[in-house]
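You will see two complexes here that share chain A, one where it goes with chain B and one where it goes with chain C.
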Partner chain A sequence: MSEALKQSLDLALFWEYRAVLLSGLLFNAGIFACAGLAALVLGLAAALLRLSSARPLRWIGTVYVELFRNAPDYVMLVWVHFVLPLLLGLALRTRIEFHPFLSAVVALGLVYSGYFAETFRAGIQSIPKGNIEAGRAVGMSEALILRRITLPQVVRRMLPEGLNIFISLFKATTIVSLIAVPDLMYRVSMVTQQEMQPLPLYTGAALTYFAIILVVATLLRWAGDRWSRSVLA
Partner chain B sequence: MTEPPCIRVVDVHKKFGPLEVLKGVSFDVHRANVVTMIGASGSGKSTLLRCINYLEVPTAGAIFIDGESLGFREDRTGRRTPRPLREINRMRRDLGVVFQQFNLWPHMTVLGNIIEAPIRVLGMSRKDALQVAGECLQRVRLSDKANEYPARLSGGQQQRAAIARALAMSPKVLLFDEPTSSLDPELTDEVLNVMRELAEAGTTMIVVTHEIGFAREVSDRVLFLHDGSIDEDGHPDQVFTAPRSERCRQFLAKYLK
Partner chain C sequence: MSNWERLVWNQRDALLSGLGVTLEICLLAFVGAIVGGLLLCLVRLYVAPLRPLAILLIEFFRATPIFVQLMWVNYVWPEVLGWPNTFFTAGWVALALQSSGYLAETFRTGIEAVPRGHREAALSVGMSRALIFRRIVMPQALLTAAPSLVNQFTVVVKSSTLVSVITVPDLMFQSQKIVNVWYEPIEVLTATAAIYIALVFSISQAGKYASDWLRRTYGLQG
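Moving on to the complex of A and B:
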C-alpha cells in the first residue's frame, strides 16, 4: 500500500482533534435547523401565494419561487453575505454587516424555501376538492381547513420529497465555511494548515458527514414511512 | 304570523361562463318536509343543491334560511350588502351536506371525522362531542366502526359515516347530493334505510337522487328539473302517476321501465 493511501486511512489525527472538529458540527446542525425552519415557513407562504385566487399574488409567488429555486447555493451565500448588507447600508445610510451565521441561515433558507414551495404546492393541489368542500359545508373557515384538513394530508404526501430536500440542505451547510462560519469543514481547513496533513483530516470529515447523513436519513425515512402508512392505508 | 319556511330559494340563477345552468329557480321547504329533486344529468339539480349552502355562489337570486338571507344582509331601507365569509360559514352550520363521493377526511378515523367540526367549529368540549358522535353513529348503525379509517370501510359504510358527520352538527336541514350514485347497487339500501329513518324522525331534507322508488315513498314533494328550471312540482303521487309536463313523463318512462 502506498504511503499516501495509508496516511489517508489513518484517522488518528482526525481523532486527536475530535473536540475542536466535532464542535464545528454543531454549527452545521444549528444552520440546518434554523435554515430548515425558515425554508418550511417561507415555502408554505410562497406556495399559498402561488395558489391564491388573486392574480398579482400568484405572480409574486411565482417570481419568488423561480428566483430562489434557480439560484445556486454558493452564489446566494456570497450575495447575501457581501452584497445584501451593502445594499441595505446604502438604503438606510448606515454601515451594516451580517454575522456569517445569519447570512448562512438567510441564504440557505431562501434557496430551500423555493424547493419547499413547489413541494407544498403540488401536495396541496393533490388533495381532492371534496375534502375541502366537506370542511366548508360544516362551517369551517379557510384557515381551519388548511390547518386541520389540507396540511396534515399534504405533510404525509410530501414526506419522501421533503426528506430529500432536508438532506440536500444539510449537505449544503458544508459550504458555509466559505464565509467563515466555523463549521466542521472550516475547522478541518484550519487544522490542515497547521498539521500539513490534508489526507486524514479531509477523509475524516467526509466519512463523518457520510455517516451522519446516512444514519439520520435512513432513520427518518423509516419513521416517516411507518407513520404515513399507519394513517393512509 | 306563520313560521317562515326552513329554506326559501328565490329566483336563483347560476352561470358558468356563458353557460346558464340555473335559469331562475324558486321553491320553499318547510320544517320536517322531505323535498326530492329529480331530473336528467345536466338538468342543474346538483348545482341547485350546492347553491343552497353557497358551495356555488348563485349568479343572481337569494337563499333564505329561517327567513335570514344567506348571501347578503338587508338593512331597514332594503339595501343589500354582501355577507362576509365568516357569517356565511356560521350560517352553513345549519345546513348539513352529504356528498355523492362521501368526502370523508382520510387522515381521521370515523370518530375523528364526526367530532372535528363540533369541537373546532361549535366549540363543544371533547366529552360532549364524543357523546354526540356516539348517538349519531348509533343512528346510522356504525358504532362498531368508530375507530376505523375511511379507507377500510365499504362505500355504504363510508356514506353512513358521512351522514353521521353531518348529523353531529345538529343542522336544521340535511342536503343530500346523489348520496347513492357512487355505490354498488347492493349497498344503496343500507344508506336509503338510514335516510328513510331520518325522514320518519322529522328531519328536514332536500335530496337529489335517481332513486325514483325512494323519492316516491319518502318525499312530501318532488321537483323535476329540466334545463335549469323546475318543470314539474308536486306531491309524489301526482308527479309519478300523472305528471303534467311532457318531459317529466318521458324522463319517468325511462326510469320506470
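Moving on to the complex of A and C:
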C-alpha cells in the first residue's frame, strides 16, 4: 500500500510524457476560447431577448435560457455530437458529421450561454433607467446606448460572476475527451493504457488542473477587483 | 411502430432503473457533501492548527474538474487506500468531494453572516458555546445557505451524468447502452436530455419556492 502511495506521488512518468500531455492542454485552451466566445455572444443575445418588450421574443429567450442552463454538460455534448448532425442531415438531405472539436465548442457554448444570459440579464436590470433615458434624451440610438452606456456598466457588475462561469467552462473542457478530442485527459488515458500505470498520470493531471485553475482564478480575481475599483473610483 | 415507441417507450424499464440509480447516487453524494462540507467549514473556522489543511482541501476540491476527480478517485484511490472498491462508491465519493468544497464555503458565508450581537446576546444569557452554535448560529446560517444548497444539488445531478463513464448504470449509461444496441441515437438521446433538463429544472424551481417560503416565514432578508 505504501508502495502504491509512493508510486502515485512519483510524477516522473507524467514528466516523461510532458510534451504529449501538454499539447493536449492546448486543445482544452482552444475549446475554452472558442466556446467562451460563443457563450458570451449567445448569452448576450438571449438576455436581450428576455428583456425585450415583445412577449413572443421574451418567451423564446426564457425557453432558450432554461433549456441550456438546466442541461448537464455531458448530456449536451453527447446530444450535439451524435444527434444534431443526424437531424441536420435529415433536414438538408445529406450526410453530416461533426468534427469532435466542433461538437465540443457548440455544446459547451450553448450550455454556458444559458449561464451568461442570466448574468447579463441581472447586470442589465441593475442599470438605473435614468441612464438609458438620458442617453435617449441626447439622441443616442438604442444600439449606441447599449454599447456606450449599458454594456460598460454591465460588464463591471457581472465581472465576479462572469469569472466563475469562465472557470466552470474551463473545468468542463475536460469532458471533451469523452468524444475523442485529444485533450489532456484523453492523452492521460492513452498513456495509461500504454504504460499500465494510472496512478502518477491521473494524480499529475489532477494537480495540473488544480494549479492552472487556482493560479489563473486568483490572478483574474485580483485583476478584476483592481480594475473595478479603478473604474468606479 | 414508431421509433419513439420502439426505442424509448419499450426501453422504459432500463431507462427508469437508470433514473433510479441517478437519484440514488445524487442523494448519497449530496448527503456526503453536506457532512463533508460542514466538517471542512468547522475545521476551517474553529480548529486553528488544522486550518491550512482545510483550506488546501477546499481549494483542491473546488479547483479540480469533476471528471478529473472522478478518474482520480476511481483509479488512484483503490491502489493507494484500498477503497472505494466499487464503481458506484467511487462515483458518489467523487461527486461528494467536489461539492463538499463548494458547500464548505457556502456554510462559512452563512455562519459569518450571523450578526455578532446575536452571539454576544446568547453569551450574556449564559448559553454554552455548543448551544449557541446549535440554537443561534446554525439555524440562521442554514437559512442564508438554503438557495446555494439547492443550487449545488443541481450541480450534483448534472455532474452525476459522468459516472456513466466508469460504468455505473445510471440514466446516461442505460441510454448509451440502448444507442449501442440499435445504432439509432436520435430518440433515446433526445428523451434522455429532456428527462435530465426536466429533472434539474424542477429541482431548481422547487428550491426557489422553498427558499422564498423560508425567507417569508422566518423573516430573513434576501
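Here is the rule we go by: the second predicted complex is superposed on the first by the 232 of 233 C-alpha atoms of A that agree within 3 Å, B and C clash if a C-alpha of one lies under 4 Å from a C-alpha of the other, contacts with A are read in each partner's own complex, and residues count from 1 in each chain.
Methods note: a contact is a pair of C-beta atoms (placed from the backbone, for glycine too) under 8 Å apart; a residue touches a chain by one contact, two chains touch by 3 or more.
The model shown is predicted, which means the values in this text are computed figures rather than measured ones.
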- [ ] Mind working out whether A:R18 is in touch with chain B, chain C, both or neither, as first, second, both or neither?
- [x] neither
Open item on the list: Quick one: is A:H99 in contact with chain B, with chain C, with both, or with neither? Answer first, second, both or neither.
Closed with: neither
Task: Partner chain in contact with A:Y202 - chain B first, chain C second, else both or neither - done: second
- [ ] Compare chain B and chain C by how many residues of chain A each one touches, and report the one with more.
- [x] C
Open item on the list: A:R229 in the overlay: touching chain B, chain C, both, or neither? Say first, second, both or neither.
Closed with: neither
Open item on the list: Going by the contact definition given at the top, which residues of chain A touch chain B in one complex and chain C in the other?
Closed with: none
- [ ] Enumerate the contact residues on chain C facing chain A in the complex.
- [x] 59-60, 63-69, 71-72, 75-76, 79-82, 154, 157-162, 164-165, 172, 176, 179, 185-186, 189-190, 192-193, 196-197, 200-201, 204
Open item on the list: Under the definition above, what is the set of chain A residues touching chain B in their complex?
Closed with: 128, 130-131, 133-142, 144, 148-149, 152-153, 156, 231-233
- [ ] Spell out the part of chain B that touches chain A in their complex, as residue ranges.
- [x] 53, 55, 85-86, 89-93, 95-97, 99, 101-107, 116-117, 120-121, 149, 151-152, 162, 165-166, 169
Open item on the list: If we count contacts the way the header does, which residues on chain A are in touch with chain C in the complex?
Closed with: 1, 4-5, 7-8, 66-67, 70-76, 78-79, 82-83, 86-87, 171-172, 174-175, 177-178, 185, 188-189, 192, 198-199, 202-203, 205-206, 209-210, 213-214, 217
